[in-house]
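Should a chain be cited, it is by its letter among A, B, C, D, E, F, G, H, I and J, assigned in written order, with residues numbered from 1 in that chain.
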Amino acid sequence: MNVNLPHDLPAVEVSDILAREKAYSQDLQRSGKWRHIWRIAGRYANISIFDVSDNEELHRLLSGLPLFKFMEIEVMPLLRHPSAVRDDDR
Amino acid sequence: MNVNLPHDLPAVEVSDILAREKAYSQDLQRSGKWRHIWRIAGRYANISIFDVSDNEELHRLLSGLPLFKFMEIEVMPLLRHPSAVRDDDR
Amino acid sequence: MNVNLPHDLPAVEVSDILAREKAYSQDLQRSGKWRHIWRIAGRYANISIFDVSDNEELHRLLSGLPLFKFMEIEVMPLLRHPSAVRDDDR
Amino acid sequence: MNVNLPHDLPAVEVSDILAREKAYSQDLQRSGKWRHIWRIAGRYANISIFDVSDNEELHRLLSGLPLFKFMEIEVMPLLRHPSAVRDDDR
Amino acid sequence: MNVNLPHDLPAVEVSDILAREKAYSQDLQRSGKWRHIWRIAGRYANISIFDVSDNEELHRLLSGLPLFKFMEIEVMPLLRHPSAVRDDDR
Amino acid sequence: MNVNLPHDLPAVEVSDILAREKAYSQDLQRSGKWRHIWRIAGRYANISIFDVSDNEELHRLLSGLPLFKFMEIEVMPLLRHPSAVRDDDR
Amino acid sequence: MNVNLPHDLPAVEVSDILAREKAYSQDLQRSGKWRHIWRIAGRYANISIFDVSDNEELHRLLSGLPLFKFMEIEVMPLLRHPSAVRDDDR
Amino acid sequence: MNVNLPHDLPAVEVSDILAREKAYSQDLQRSGKWRHIWRIAGRYANISIFDVSDNEELHRLLSGLPLFKFMEIEVMPLLRHPSAVRDDDR
Amino acid sequence: MNVNLPHDLPAVEVSDILAREKAYSQDLQRSGKWRHIWRIAGRYANISIFDVSDNEELHRLLSGLPLFKFMEIEVMPLLRHPSAVRDDDR
Amino acid sequence: MNVNLPHDLPAVEVSDILAREKAYSQDLQRSGKWRHIWRIAGRYANISIFDVSDNEELHRLLSGLPLFKFMEIEVMPLLRHPSAVRDDDR
């Protein structure tokens, strides 16, 4: 997930949208739907792992992101690896 | 990590290398260095998260993979995201 | 799904693998898991739509393809479009 | 079909164009010309299958889309696959 | 249409396949199905215009090329341009 | 030749430039310099074949296009194909 | 690190941000964190080598750059090469 | 060297900058530093050969171009070819 | 022009083909058809300028290269630049 | 600099070529021509900085590498950055 904020967006609008984004993300993390999130060094971007029941739910979560219209998102479908040992890497 | 096995590799050599790859990966997972691994749907490839002290250690682990010479690996440097809530997403 | 058959594969092996591929594909189509398949004009490739319960099932179906090791597959996660009118475009 | 709406388009203009787009798409779906449509998870984009008599008709349908000037469209020419079992995958 | 002949193909096989390719192409040109063909300077490749009734026919013509398995083909769907003045640019 | 009109260009300016573009193109087609033109399905783009004496003339024709500053043009140098049967595919 | 300054940024703002960028970079170079920096000929871009304890520190340094929001940065994780002879190429 | 002039740049500013660009280029050509320049057919771009003592000098010449901030430049390091026969292809 | 020699080509065949390539190139340079040639630093590749009457002649020269079947060639159509001062940069 | 060793190269030939490569690289490092070298984590590749008098010398050093014919090398022309503080970042 890359974020591209237009450089002429008013500062007030930016801080508001970022606050809502953070709350939204943390709610989903606490619910277990958004299982992992990491920052990519040197970029305004992240790598996230979602645990959803289907693509319908995934899209509803992603398109609900306050920053969605400024994001470029690539979804990679993952599954449990046959060599995985941790129970929750599913 | 993508794997490209030459199609003319003898079957015995293939099964031997895959067995060693699996043991190697599971040892590192149990030690906590290889924190997560997922299969990418439809491809002979995986997405993995490593928890290492520096690039030196990361390269030693990766270049020690029995499948290393058949792999195409891209490393993306990650760090804790400011919105992360799980203690171990570091 | 692109297919790249090595040009030095014996003709007998080729016709055998293609026969098994066709039977495998048609069984899955009849079961409803492999909902659609189209040939791409001018290429040895197809566009297919799968209707599976999760990524685990999708990968099991794809990696079971007799031609799997000669294929380059890209999976695009789809869902029902809000403007869709047909019941089975899900 | 990817959609890129300029972020400074007035909200009224956006909701008007989206309503016209939906009506246009559903009319064509009901006529059978626009056979399938799916949303791509995490993106403002879709995958669609058209059943038209020639490229002339296809272009007339696509260039008539209310969102056409904000879209990036790639057309892939498809045909019936020799292994297809459904009568209407043509 | 790019052609990639393996450099270890026997010379006899090469000259035979090229002769059949030329005959096949010229038959289709005379029938009017293969309307135009140009060589691209400096490459073993061509740009061709086909005049076919549908994608089914196009694929049958292309996959029948003696060089088909050594070719990389990209099909671009064309139609009459609204500014065209020549009757046969359709 | 792809055309990218800025979405904020006044409608009057757009219709004026398009009328001049059409007249310019048709004059060149009638003179035989612009031998063929086709629309690419689903895109605001065309494929054209020019018959000019050298690159100097080609550039003069292209840079004289009223839409030139909004276009992205790729020139591919063509010549008569050894298998061509039509006299004017040169 | 590529820099893309919007061409309509006021000249005063530009010279201010460039002065702060230079001071920031030179402080880090003197501290030893920013070990090397070279200009890429013909481009407004540089190649830099950082010597940091982890990705966390690297991202803090990079995201603190006054030009950060106008930059496109790609981080490549490096380590000591087994053939290196200089002590400080680590 | 590609040139991308913003389409909303005032006409006076454009003609001024182009006049200065031409004078700058011709001075360097006469001095022998800018050995060759060709227009690329159909594009607002050129291919140039510079004969400079080092990268420092090359960058000084390029970044001094009046159009520099509107250009995308790729530098390819060249040297005398072992098969060259002309004395000044160095 | 990039050259890719298969690594299993016999050494005798390699030296023979390289000798013929050099002679062929130097004959064309002396005739004035092959106006310039430079080596690209660090690659088995060159940048060349040809001065030919049309694409037909260019292709005949290029496809006659002894190394032609091992080369990847990209032709860029050039013309005299309006700012050029040297008579022979045409 | 990426290295691609064919997987069917005899082990004896591989160890011999790697030994010669290491000696060659270390001689150049000691002479000051090959100023820096780093391994890229997870890949059989390196990033190197050369300090040479011109492209001629650079190409002679690179094409003399025992692994040269198995390498893919990209040269980026660098120069002293105006913000550099270290004397030897030139």
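Criterion: a contact is a pair of C-beta atoms (placed from the backbone, for glycine too) under 8 Å apart; a residue touches a chain by one contact, two chains touch by 3 or more.
All of these numbers come straight from a predicted model, not from anything done at the bench.
Considering every other chain in turn, the ones in contact with both subunit A and subunit J prove to be B, G.
Ranking G-J and I-J by contacting C-beta pairs places G-J first. When chain centres are defined as mean Cα coordinates, G lies farthest from subunit E. Note: centroid distance subunit D to subunit H, computed from Cα atoms, is 44 Å.
Between subunit E and subunit I, the centres computed from C-alpha atoms are 27 Å apart.
Residue numbers of subunit I whose C-beta contacts span two or more other chains: 39, 41-42, 55, 58-59, 75, 77-80.
Under the contact rule stated at the top, the pairs of chains that touch are A-B, A-C, A-D, A-G, B-C, B-G, B-J, C-D, C-E, D-E, D-F, E-F, E-I, F-H, F-I, G-H, G-J, H-I, H-J, I-J. Residues 21-22, 25-26, 29-30, 35-42, 46-47, 49, 76-86, 89 of subunit C touch subunit D in their complex.
Residues of subunit H that touch subunit F in their complex: 5, 7, 39, 41-43.
The touching residues of subunit G, counted against subunit A in their complex, run 6, 55, 58-59, 62-63, 69-70, 73-75.
Per the touch definition, subunit G reaches subunit B in the complex via residues 54-56, 58-59, 75, 77-80.
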